[in-house]
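To start, the structure under review is shown below, and the notes come after it.
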Amino acid sequence: MQEREPLLVMSDIHKAFPGVQALSGVHFRLFPGEIHALMGENGAGKSTLIKVLTGVYPADRGEIRLEGRVIQPHSPLEAQMLGISTVYQEVNLCPNLSVAENILIGREPRRFGRIRWKAMNEEARRLLEERLHLRIDVTRPLGSYSVAIQQLVAIARALNISAKVLILDEPTSSLDRGEVEQLFSVMRKLREDGLAILFVTHFLDQVYEVSDRITVLRNGRLIGEHLTENLPRLELVSQMIGKELKELEELPKEESRVADWAEKTLEAVGVGRKGSVEPFDLGIGKGEIVGMAGLLGSGRTEAARLLFGADRADQGRFVMSGEDTVIHSPRQAIDKGIAFCSENRKTEGIIDELSVRENIIAALQASQGWFRALSRKRQEELADEYIRALNIYPPNPEIPVKNLSGGNQQKVLLARWLLTHPKLLILDEPTRGIDVGAKAEIQKLILSLAREGMSVLFISSELEEVLRISHRIAVMRDRRKVSEIAGEDISRERVMKAIAGG
Amino acid sequence: GSSGGSQQQASGGGGAPAPSQSAAPSSSTPSESTGEKKIVLGFSQVGAESGWRTANTKSIQEAAAAAGIDLRFSDAQQKQENQIKAIRSFIQQKVDVIAFSPVVESGWDTVLKEAKDAGIPVILTDRAIDSPDTSLYVSFLGSDFVEEGRRAGRWVVEQFKDHDGDVNIVELQGTVGSAPAIDRKAGFEEIISADPKFKIIASQSGDFTRAKGLEVMQAILKAHKDIDVLYAHNDDMALGAIQAIEAAGLKPGQDILIVSVDGIRDAFVAASEGKINFIVECNPLLGPQLMDLVKKVVAGEPVPKRIVTEERTFTIEEAIAELPNRQY
Amino acid sequence: MARFAIKKQHVPIIASTALLILIFAAGSLRYTGFFSLQVLLNLLIDNAFLLIVAVGMTFVILSGGIDLSVGSVIALTTMLSAALIEQAGWPPAVVIPLVLALGTSMGAGMGAIIHYYRIQPFIVTLAGMFLARGLCFVISINAITIKDPFYVTMAQTRVPIPGGNFISISVIIALAVLAAAIWLAHFTRFGRCVYAIGGNEYSALLMGLPVGRTKVLIYAFSGFCSALAGVVFTFYMLSGYGLHALGLELDTIAAVVIGGTLLTGGVGYVFGTFLGVMLQGIIQTIISFEGTLSSWWTKIVIGVLLLLFILLQRLLSSRGEVREA
Amino acid sequence: MERIRKHHLFWPVLVLVALLVFNLLYDPDFFRIQVRDGKLYGNLIDILFFGSPLALVAIGMTLVIATRGIDLSVGSVVAISAAIACFTISKGADQNDPGLVATAILLALAASALLGLWNGFLVTRVGIQPIVATLILMVTGRGIAQLITSGQIITVISPNYKVIGAGTLLWLPVSVYIAALVFALAALLTRKTALGLFIESVGCNPTASRLAGIRSVTVRLFAYLFCGFCAGLAGIILSSNVSSADGNNAGLWYELDAILAVVIGGTSLNGGRFFLTGTLLGVLIIQTLTTTIYSTGVPPEVNLVVKALVVLAVCLIQSEGFRRTLARSLVSVRPSHQRVEGKVTTRG
């Protein structure tokens, strides 16, 4: 393996943004027929390296060679024509176009210049089904599907381009186990066909499962390139974080205090919405963490949205501290002490032009109203506090949030809601795209908040995570709540069984 | 005489002959006598862009009511294409006579041919059209903008005939490209160009409005120190300019002589205070004349191809005498 | 699943069509002479140029941009045609391609500035609007009448339609443009790329679509449509004049938006624009058939009719959506 | 220096200065300001004076645009407000009665605010696209204004009313104070309360704002209402200035100038970040340009060409890409092509 010529070589790449040196002197090699994991903390420069490679940003310095020849793509289009196919970190597709178009636009089947819609839909359907085992109506607009589906569509698009290099920037961040398996088998097949695959993820398991080689970045610098088999986990983590770290997995599992949870923060009784979620009952106790598990599209997100009033429930009622309440809008929910951190950070989360500070205080300020404005000083204090607590990088509250790396944006959203000190915190995929270190920190934070009496509804496609921190797990299947598993009963097998339906 | 004006009903329904599917040239030339059937007149107005125009509209509406003519009035909002549409719909409604004030002179041939083919006679009011085919309309009733400019010019020349040295003139033009602006400018220049001592030192568009007249004049007054005459293409601009002149510490009508066109009431008031020296009238009250014409056309009587409306000029003294009679 | 199932995206179009029929029926009941095919055909004849510009504008708006220069480009086209034909004596066979090329390149120029220098379309096309209108007056302040036999023929030829009705050649041009544009929007790569850019320009770029080229082409196409509309307008008016088509850009934008295209881009249909143009036309027709409105009431009634129509359209559309869900 | 150059107002200020310097070179007297009858008199004062109604409208427009909206009806609201005020005064027995004048002004302002609210209602509650919603009022509004004035120009003779648009206070025109006051009010409202944050966040990402609990409906309603109010105030100033109300022409094309000013000032039509000071600079640039055209005697037929070229120059110079191209072609080191750079431009 070692002796082969690398397919792609990036040498001495530098890239600076105003105020941040995102990449400094990075070298990177990619061999044909290998899966190469690019690792690093949030904001390490992974996505930036990929964007430099594909011509989204020009490099300040450095050289890129593909098959020995110097290339200088000026746009993703040129990169594609050179044989580099990319799935970028945020879902970068067009929500207004149909799924089929999103997969095939630019390469539609045509006859005499006329797009053959039937053939196109057919091809898209086939692609999704054969490669990713996903069966959906490909003529519907992409925007009507959940983030996970959108991510799969983006992957399908990239897979369909006959390329020499395939780049996947956190493609699995909101996929569940089954989908990830599916993706991996496709990736392995492509590897056999001689493709070079660059893969970014924060899931260590996944790295060790598929990758052949690992490159680690830290603060925009190259830390090292290793064959996967030669790099033990702990070593990888300490390379990423820059300091020794004890095994992350050993979070103190909460000894259950079931008795306390009799006092419910919020009870949903027969709450449902036609066409999205069947009526369900769910009560969340004070200080309790309720996990929600289920497959892709099982309706977890939609159930959570009902609890927050983001969509209006057309059946059932809510009870808060023993009294019936209405939750018709996010506004009302917030006033009652409910917070909701959406899975879709790009369109429903960050307010991209505004600064990190403004994004952090947005919800708190909204609940205080127009005239009780937080003073600038107070805002800065709060922002600084949470930037430190969540380790947001770069720690500058005044830069526009859109300039933050994906993981750091996610932390900003978390900060926004933590700041409101809600009674009930609904977290939909809160650790999406967050690095290992930070993930552990956030889990610890959630546990300690629960200990202080906050109720949490925790949704994640990473089952391990749900198992680890939940006191009780609600399982969704086909837009119905099918079971509830609590306390001692929680185990991987039981939950899996409930999810699969049996 | 005045008669009750409540004759106008909201919708048509009365006059038109039985609807036929085709718009092909029909032989039904307006042969009905004026006896019992009311004459239907389709009138397409330019718009309501100025007080002058509103007075014009009002005069036509009142005269139609008085003459017992069923007026179909359509407002083009200053757009030629709307006027063409309106004329098409008059043809469709089979009115007896079409009259309109063209927004511009050119571009009427096609639609007027359609009218001609449908056997509907057309009368132009207020402005002419430049078609070589004069059979497209039966008569043109209106003022002559060039002549108005000439009258203003003649007065200026007369005022300064004993004056040696340059006469510095500021001109406030109407909307760039509009017919009155072009013609009033041309007529004025035609006269004053005879003597090189008359110099137009600044000529800027004031869009026929008071606010613009004020703004433009204010700037011109700063750039030019000795202005003898202000020629404004309409009264509104002159009224705005007067304010600017006063703000500059000068006396309108004395330090700067002011000539303007139209003759609206406010201008007469200003003239009576000595702030406007000469007004060239442009008469909007064409209604009665138009209705006579319509009746004659329908009755098949011969009408002259060109009827110039009666228009006067007013010096300060004449303006003071006229002021009580001004209606608009 | 049924073959006749109505797609959610099509609801606004269907609602608009239904309303148009409704208004026509109401007009026919109220006014004599309204219920005839020729009234409908006149709608086309009188709005042929508006339809053509609106089609071009649809692409611009679909891409999330805006083009304020269209009215002025029409005026410039009429002026240039008139000056070249009547004053310079050039033959129409040279003049028409020339003005079309000029309009197209002006559009392309604006598109290039918008894309490469990242300046907001509104401001660039506003400058284009001032420039084109200003150039008209530089050519001549006066209106120039066109007497060229070719133009006169084009203006006055009536293409007979069975039943004794007729349309003009401009209508044929406009309908051809409409058909071509529908094809362009829905069956070509260019068209889909326009939708993609409107959906999310940055995403389109990352998806490897030729965003720059497409954007320049979009404005070039709009410029071409404006120039073509200018040619048709010249047939209609037989004159060149600097004040022609004043304020037409707003009528055009309104027609497009009423036709269901979202100003934020990415959503809408070219056919919707056709309906929007027809709607504006029919409101005009109703006003002139009404025949008793003073100038200000005319404006008020136009506004109120517009509002009523949009309210009804929204009502019908939301009903449709509910049923679909 | 670098900090100054990066400031978002750097280029608008530079353009304004360039325009003024051009004037100074053309006419050395351009900057001269005299005291005449207890008031300052000169071109610079004129620019402020004639710019103030536009500034008012543009300030309101800035807020609306920041919420990702647009208001095309401002010109019509100007006309309606002028018509109501003048009509009310003209019906009075004593046109100069301060009570009457106050009533007239209040009526006009209330109506304008109401019209703004109506726009906001159509946009937020009925869900009509802002451009169409306000287009309706733009068309109808002129009609309403003319209906009030019966299509005539209503002239009023009321020195008390005239003070607002043509009066002087401490050497400066009263209207300049009014514009300054409203500017201060808007700045205070948006920067000292949380309103500015809410407006920007609603304009940036309406969905995210709703989920963050911001009352986006109220915020947008307020923006339209405020815009209507500002337009109404501008209408009063304009009509008081010429002591008359002209339903057809008052405020004609104001919407375009106002939007232009907002855009020159650096606010994006896609909503989000807004810059009130930038808007003010935009207004001054437009007004200075107008005055320049008038006082340098540019023939009216090429006015528009000049305006077009200046507008183009203003926006090109604000574009970083263009400046780079320009610098490169001036230095002409090596012609290299434009790079795609995503949405990375930062506004400091």
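Order of writing sets the labels: A, B, C and D. Residues in every chain begin at 1.
By our rule, a residue touches a chain if its C-beta (ideal position, glycine included) is under 8 Å from a C-beta of that chain, and two chains touch if they have at least 3 such contacts.
Just so it is clear, the structure is predicted and the values come from calculations on it, not from any experiment.
Peer 1: Can you name the chain that lies farthest from chain A, using the mean of each chain's Cα atoms as its centre?
Peer 2: Between chain A and the rest, the longest centre separation is with B.
Peer 1: For the interfaces A-C and C-D, which has the higher count of C-beta pairs in contact?
Peer 2: Between the chain pairs A-C and C-D, C-D carries more contacts.
Peer 1: Counting only Cα atoms for the centres, state how far chain A is from chain C in Å.
Peer 2: Inter-chain centre distance comes to 44 Å.
Peer 1: How big is the gap, in whole Å, between where the Cα atoms of chain A centre and where those of chain B centre?
Peer 2: Inter-chain centre distance comes to 71 Å.
Peer 1: What's the distance between the Cα centroids of chain C and chain D, rounded to whole Å?
Peer 2: 29
Peer 1: Centroid of chain B to centroid of chain D, CA atoms only: how many Å?
Peer 2: Going by mean C-alpha positions, chain B sits 34 Å from chain D.
Peer 1: Would you please write down the residue numbers of chain D that are in contact with two or more other chains?
Peer 2: Answer for chain D, listing residues that touch two or more other chains: 146, 151, 247, 300-301, 303, 340, 342-343.
Peer 1: Which positions in chain A touch two or more other chains at once?
Peer 2: 56, 75-76, in rising order.
Peer 1: What are the residue numbers in chain C that touch two or more other chains?
Peer 2: Within chain C, residues 137, 141, 202, 205, 211-212, 294-296, 298-299 contact more than one other chain.
Peer 1: Would you please name all pairs of chains that touch?
Peer 2: Touch list across chains, by label: A-C, A-D, B-C, B-D, C-D.
Peer 1: Please output the residues of chain C touching chain A within their complex, sorted ascending.
Peer 2: Interface residues on the chain C side: 9, 183, 186-189, 192-193, 195-196, 198-200, 202-212, 266-267, 325.
Peer 1: Quick one: in the complex, what on chain B touches chain D?
Peer 2: 47-51, 53-55, 57-58, 173, 176-177, 202-205, 207-211, 214-216, 218-220, 222-223, 236, 239-240, 243, 247-249, 264, 266, 328
Peer 1: For chain D, which residues count as touching chain A in their complex?
Peer 2: 192-195, 197-198, 200-201, 204-205, 207-215, 272-273, 337, 339-344, 346
Peer 1: Could you list, by residue number, the parts of chain C that touch chain D in their complex?
Peer 2: Those in contact with chain D are residues 113, 116-120, 122-124, 126-131, 133-135, 137-138, 141, 202, 205, 211-212, 250, 253-254, 257-258, 262-263, 294-304, 306-307, 310-311, 314.
Peer 1: Looking at the complex, which residues from chain D come into contact with chain C?
Peer 2: Where chain D meets chain C, its residues are 72, 122, 126-132, 135-147, 151, 247, 256, 259-260, 263-264, 268-269, 300-309, 311-312, 315-316, 318-322, 325, 338, 340, 342-343, 345.
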